[in-house]
Amino acid sequence: MPKKIQILVIGHNTNGCTEEHSKIAYETGAEVAKSGSVLISGGLGGVMLAACHGAHDANGLTVGIIPQKDASEANEYCDVVIPTGMGLMRDFLNSHSADGIIIIGGGSGTLSEICAAYMDKKPMVSIRNMGGVTQQFIDNYVDHRKNIKIIGVDTPKQAVDKILELITASK
Amino acid sequence: MPKKIQILVIGHNTNGCTEEHSKIAYETGAEVAKSGSVLISGGLGGVMLAACHGAHDANGLTVGIIPQKDASEANEYCDVVIPTGMGLMRDFLNSHSADGIIIIGGGSGTLSEICAAYMDKKPMVSIRNMGGVTQQFIDNYVDHRKNIKIIGVDTPKQAVDKILELITASK
Amino acid sequence: MPKKIQILVIGHNTNGCTEEHSKIAYETGAEVAKSGSVLISGGLGGVMLAACHGAHDANGLTVGIIPQKDASEANEYCDVVIPTGMGLMRDFLNSHSADGIIIIGGGSGTLSEICAAYMDKKPMVSIRNMGGVTQQFIDNYVDHRKNIKIIGVDTPKQAVDKILELITASK
Amino acid sequence: MPKKIQILVIGHNTNGCTEEHSKIAYETGAEVAKSGSVLISGGLGGVMLAACHGAHDANGLTVGIIPQKDASEANEYCDVVIPTGMGLMRDFLNSHSADGIIIIGGGSGTLSEICAAYMDKKPMVSIRNMGGVTQQFIDNYVDHRKNIKIIGVDTPKQAVDKILELITASK
């Protein structure tokens, strides 16, 4: 049996995450779980928490890679916790751990994860109209290198379908 | 439902791992799985591979935290792979990710994980008569600080029983 | 004698660095040195190399924090080399090591350093009209948190004067 | 002009460092400086502080690579501070940054640095009769791989002469 696909969901943390973001993130987590993939996340609040919650409720496996050294800092829906003790430098571990990434809005932290993923040339999709600094990169490249284009989608279901398609194509 | 306990199994990598080490590591992985705990490991060869294999065959969940940036470097029995891209610095992530540690022999790499775990004050047990530089620390402290004593045990079953007891006592 | 101020200079690496960028980076490095500050950089090519070169020629001290594990990968103008072996995750170490940051154009790697510095709330100035994805953040915030505004300047001399002023104000 | 040699001095931190250790570390730092080499250290107390003090008084250049994210945590004799924000994982950065290592006693933290250096195959010398868990590895290998033998010496002057000889031989 081949290893399950690992999908990273990123976006607004507690500061910036609206009810709408949480709803979308919850559904995205659920879709990740239904697809049989493992949900990777930063393991804290906002979009991270909602995505873990959704995946958890859909009987998926959730992994939280957190900045702190103490596992108890992770949200309650993380089945596996990797407490890095490295602060936000863990954003790069999130990217390294992903076969593909789904973006739901997001500020500077999400942007650093996008930069890491872009430099890692990992497939990325972004749900449209979620706001944040990351919005501008939808259907676009992060820089002149044109490493990988971030593909815009409209729903959680589309996000998971599209990222799985991109992951398959990249192997 | 509370989060599952995460048990790290460390020891000789391919260089130094005998058939005896592999057998013991396989059984230890299986006991970790049977206890309902998650097996954390360095995700590569030798004791790491055998422990993952044992946990996998006993229907457990296995996580490999590897030095490389590419998940394909992990052994085939890792259900979840965290490719750190940090080289052997990942030894500290292994310790941070563990509620408790089981030691099966080991050289300099295992010793660096023991130092990390000792500084993290994580419970540790070591299976006796497995050789390696780590042998001397069984039923002993790593240094004058007496942070935490590494408890010697004789079998994989005893190792898992004892580490679970120590983890429970430490919470 | 108080410790010297540490100024990080970031921008286009070899891929993207024009003669104009190199000229500006060289002058910026020289101005950092003349101010009596230590030049911190990513230690590789493009803007990093030119800034080190300029600081070196002006008898300054240069530190290169590189992704590789081997010091010989640093450019020849680094007086001190910190070989991290962590890949591009080292972008966060660059930010942590800076009292203030000067930006000269830049792509996704520079942007990840800006995100790190923004989350660290480090003072930042950016030389105008140097292009790249980072251009848009001049005289702007990276996200809705408004942690710290990236101040636009027109010359290397202005960049160093302004960053020293901002560093002093932040202490 | 070729880059200066970078010598890492490690040993007991505040917990464990006696006046004798401090005296020896101070002299070692001074000898590193007199040799024209850069002193690398963990940037905190005990042997780290004394070595930085000695190098500083002998007009050497000192670099402190610290676990914390804030440079102000470094001891006052660090000319350059690299605040890693990675906790004790920074022990590996110390090793990566060293052309050679001088050991002055030490507990579990020093031992993790020795393991890192041993796996990096960096030349190491250790001053004799300084105690600590690291004592046993003098004139010995850390494990069965026999990567590199830690050479015992009796004085700070001998330590620096020997490490420079080993570094030259290793290039």
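Letters are used for the chains, namely A, B, C and D, taken in the order the chains are written, and counting of residues starts over at 1 for each.
Heads up, the rule we're going with is that a residue touches a chain if its C-beta (ideal position, glycine included) is under 8 Å from a C-beta of that chain, and two chains touch if they have at least 3 such contacts.
Treat the numbers as computed from the prediction; the structure is a model and nothing was measured.
Chain pairs A-D and C-D differ in how many C-beta pairs are in contact, and the one with more is C-D. One simple way to say how far apart two chains are is to compare their mean CA positions; for subunit C and subunit D this gives 29 Å.
Between subunit A and subunit D, the centres computed from C-alpha atoms are 41 Å apart. For subunit D, the set of residues touching two or more other chains reads 69, 85, 87, 89, 92-93.
Taken together, the touching pairs cover every possible pairing of the chains.
Listing the residues of subunit D that touch subunit A in their complex gives 69, 85-87, 89.
Interface residues of subunit C facing subunit D in the complex, by the touch rule stated above, are 3-4, 6, 38, 61, 63, 65, 69, 71, 76, 78-85, 92-93, 96-97, 99, 120. Partner subunit D is touched in their complex by these residues of subunit B: 15-16, 87-89, 92-93, 107-109, 111-112, 115-116, 118-119, 132-133, 142-145, 147.
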